[in-house]
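The following pair of complexes shares a single chain, chain A, combined with chain B in the former and chain C in the latter.
Let's look at the complex of A and B:
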């Protein structure tokens, strides 16, 4: 009996040792977004595990839930996350201020555009490796424009004229996000092209004349020629309408192109869809081009060496090329000049990216810690403008009030005037 | 031996102990912690930890027009949803209480909305309400009736959400009331019939008063739930358009997970907690008096 017990004891302890050794050889927890690149990472992780012997526990979440989960875990200091995908412009400032990103001093950032690195660095030091980039474009229905005898709009006057001509009972002339906070990123390019911006040197600037003019124009376009109920629409509501042939033109981020030209998801022959540069405004043409997703190591991670190994792999040029082949627009500069990629990638994406990279603005929202609340405040302006088709006489007063509120937020988080 | 007598002597304490510990950890602690946080100014965007500010967060939240609107909306939504659910639920229960062909099938069908996941219900109703490609407008158009913008319009969003809540939760009232009706004795009804009461009089003066305590119980359950409704509104509108369907629960969620104002979000949740508590106490009082 005693003998038997001791045998079991030995077996148990060797089992514990095994488990211990396994844990040492590596197990990390990775949180990714359910973005096409997150999906690609998930598909490729088994190969990474085979090559390195590191076991990766991956969890995939919708973008706002990812932020919520990370925030809750980090704020309560109970996190076991080692690596995570992150949105530099949305949560970067707040995360870095709370010390949740680990510094990436030894990473080679030479392959990334300088303006994109600005949003990935805090206090001059890099904390995020940019993964995906996106810029504002105009999607349109070639067949409808042709039938109406229209050329692709290149400026706001032409855009409005085309929207008017294409608008009918069954097809909306133009769509863009109208749902308050979600619309803010898309209105940004309109504001830039009118010569305005959201913030200027750490102070709210969207109550300036150019910015208000842009919001009015946006409201006029969507209020008159937009789909019904546009003030409750984000991209996920517009996409099915566009694919069902209910919308003639759509301004949004380039990231949706792959989905639009996927014949299995649309009732319209995909040859009828096309992509063009965002039209110029009265002042300039500087649509946003931003790094929408990056990847970081969690500062509280106890396995930083393994985490870094994963991060290096997930942001490697090989993975970036894989992403490009799947129509995911990656942030690395070198993959855009890779001849193999160029021969496979859609020319419309390459051209519009080249234009935005040269002329674009590297931010698409008020870049501040309290961005969530600021977006809701600016969103109120957008909704008011759409509801009144751009004619609201309260817009100036409202913009002033909201700008004051945003300035208060900047003061509360110690970012005012910086 | 000593041990076993200890166990025996303290059985009354030991058996419920796990449940008490569980409730303490998972219910009492979060409530107390939320209460503590509501007296702080914890705001993650400032990068600083919580510091005690007394009633400051309360004053700031209560002076926000947005909070008062959300409070009003919480009541509007609840009152309309629960009123319609109770009237419809009781009516359906009275119908189902009679014998007719296909009764069990009708009961089964009635149960279906109740077992559906609210988020899935929200997504399906979003498509149903879509102003351009939705089934509702399509049907109205085919019938030659005017179309609406439903959840996309500030004027109709609450009514549209109430409709979804009614669709999902009326069966619950029906089930509870049906159980109450089944437990009633037949004698008072027969006595009334012998005395020459009409069907309506029997319903109005005999059946309904007898089943009233059950109706009120069902109402309390629904009321508490409706005040706290989150899933359907979150999945369908997220509080929009603008803030037109923002209830206290949605506002509390936005304050903590989108604005990261943990202190002020706790104030909103404490307020919601009090609202639910006071409403339930009120109805319980009503129930007591109806039982007397």
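Let's look at the complex of A and C:
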């Protein structure tokens, strides 16, 4: 019996050796997301292969599948991934804690906004090259505002007044995500502008007065002037309503702008849509600006030199300009002042980006390992506020409970107070 | 005669209402697959619209769904075939020798959440260099197909009188021969049920294929996600892909419907 087992063992290990030897030195495996920039990379890879002689095996996956696949491969220590696209705020903390990102000590990060680099670095060292940024904006219907004799709201009081005036039986005054966890990123800018935040020095801070006031305001706005059923709506649901002309104003991430002004996807003439800076709150105006996607080298990669070569090319200024031409809002600062790009890009996008890059907050969610659980908890708070139109007298108590739970999560992962 | 007319009418009215409710999502999917993005999101929903084949063009030309079709078919067919090869004798043995413990043990594999197999499998298959191979996918899908085959067939075999094979054995046949020549030819309906059901389960499987396959062996349920991009959903593409995926399963079920329904209730009426 023992003899047999050892035979199998030999057979198995020789199989592994074969598999190892089969991989050629000039070949890397790259995982990209189903994202316009991932598509752009896929289209440009043949040129990269021709120039460098490196063969690139590329796979593209939907974002949650990508996370699941990377997690499975890395956790079982049997991954063959060399380079991958990653979401710094969603999975960055967890991946870096497990040591799955390779450090990028020699990369030149001088072209990236400082606040964004915070989320791409862990322990002061960079691990992710930011690719794409997005920031909170206000989308609105020019024609409806004009008809109502309103100017574009610049602060929360004006926003509420405009939402009230524009709200009618057929058109909702304002929309923003109301579906629990999905809403958390969009509520963040409201909280910042009230002077609050989700976490402060590794401790839950969303039960503070400014944060609760912001959640109340959000609930009042959406509960009174939002579309019906807003508490089950994320961007997938709001977007079609906005495109069908059922919503007058919409606060969400800048990433949707390209689709809104695409006439082949919209019933309303696109000239009626416009984009503006997120309105200021009572305290400040610091909407989120985050790096939604970055790119990293896998720490277990056995071909780090080739992988780095690919990463350098994939995050180069040249590729970033190509991205900008395709309406992708890239993270590099220099491409935003490039004259050719500026002449092609929508001025509204350039202006709101400049404002957010200067004043914005570089995080849009509770930035911790257990992001998902924390978002669910805070999401319940948001829903309670919307359901009661911001008047709930349980909100303070509820916020306290949820904050305690988030603190527990932080303690479990050893991030509490850090 | 007149008395019977009203209840019959009511009966069919009820059937119609229920059918409409059940079929509505399907109808929505079918019509949406022929609509443009603007028509899909328009409110109120458009009943009459100019149909477009653009979504199907995306599915079969831009996305290469034929390859995914082939992958799903190969994986499903071989997994079901192998499951029949192993499962039919196993089911026969369970039925004739009352090996209930063994049967329960096989069922356990089905009751355990599939996700608990994934990590070990991934490690084993990647050490063997079998990730992104048909072998890994087929073996994993056999975990779905084999218990179905064994359970449906063991109850089916129990309905066949033992006297038939006993008389064959009296005439000098071995048990194996009796199984091959007497029992199997009588088991057509059962085998069809088991095949159809296990093939559909394999066809629809998402979790195993997602982790164990890559670009080369990607199956259909995974490929639908190609239409979901970051911050953008191509509803028309999703709907067309869904129609394309459902079509073979629906056709298969329609052809073998009679057996499938019979097979599903087989365990319930023993006699």
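The working rule: the second predicted complex is superposed on the first by the 394 of 418 C-alpha atoms of A that agree within 3 Å, B and C clash if a C-alpha of one lies under 4 Å from a C-alpha of the other, contacts with A are read in each partner's own complex, and residues count from 1 in each chain.
To be clear about the criterion, a residue touches a chain if its C-beta (ideal position, glycine included) is under 8 Å from a C-beta of that chain, and two chains touch if they have at least 3 such contacts.
Values in this document were obtained by computation on a predicted structure and should not be read as measured data.
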Handout entry: Contacts of A:68 with chain B and chain C, given as first, second, both or neither
Key = both
Exercise for the section: Based on the superposed arrangement, let me know which partner A:76 touches: chain B (first), chain C (second), both, or neither? Expected result: second
Exercise for the section: Mind working out whether A:59 is in touch with chain B, chain C, both or neither, as first, second, both or neither? Expected result: second
Problem - Contacts of A:229 with chain B and chain C, given as first, second, both or neither - result: first
Exercise for the section: Mind working out whether A:35 is in touch with chain B, chain C, both or neither, as first, second, both or neither? Expected result: second
Practice task
Applying the touch criterion given at the start, work out whether A:240 contacts chain B, chain C, both or neither, answering first, second, both or neither.
Solution key: both
Practice task
Report for A:351: first if it touches chain B alone, second if chain C alone, otherwise both or neither.
Solution key: neither
Practice task
For A:264, decide between first (touching chain B), second (touching chain C), both and neither.
Solution key: second
Exercise for the section: Please work out whether A:253 is in contact with chain B alone, chain C alone, both, or neither, and reply first, second, both or neither. Expected result: second
Problem - Footprint overlap on chain A, where chain B in one structure and chain C in the other make contact - result: 68, 75, 240-241, 244, 246
Problem - chain C to chain A touching residues, read off their complex - result: 36-38, 40-43, 118-119, 122-123, 126-129, 131, 210-211, 214-215, 222, 225-226, 228-233
Exercise for the section: Sort out for me which residues of chain A touch chain C in the complex. Expected result: 12, 15-16, 18-19, 22, 33-36, 57, 59-63, 65, 68-69, 72-73, 75-76, 78, 80, 235-236, 240-241, 243-244, 246, 253, 255-256, 259, 264-267, 292-293
Completion exercise
The residues of chain B that touch chain A in their complex are 43-47, 130-133, 149-153, 237, 240-242, 254, 257-262
Problem - Touching residues on chain A, where the partner in the complex is chain B - result: 64, 67-68, 71, 75, 93-94, 97-99, 172, 179-180, 227-233, 237, 240-241, 244, 246, 369-370, 372-373, 376, 379-380, 383, 409, 412-414
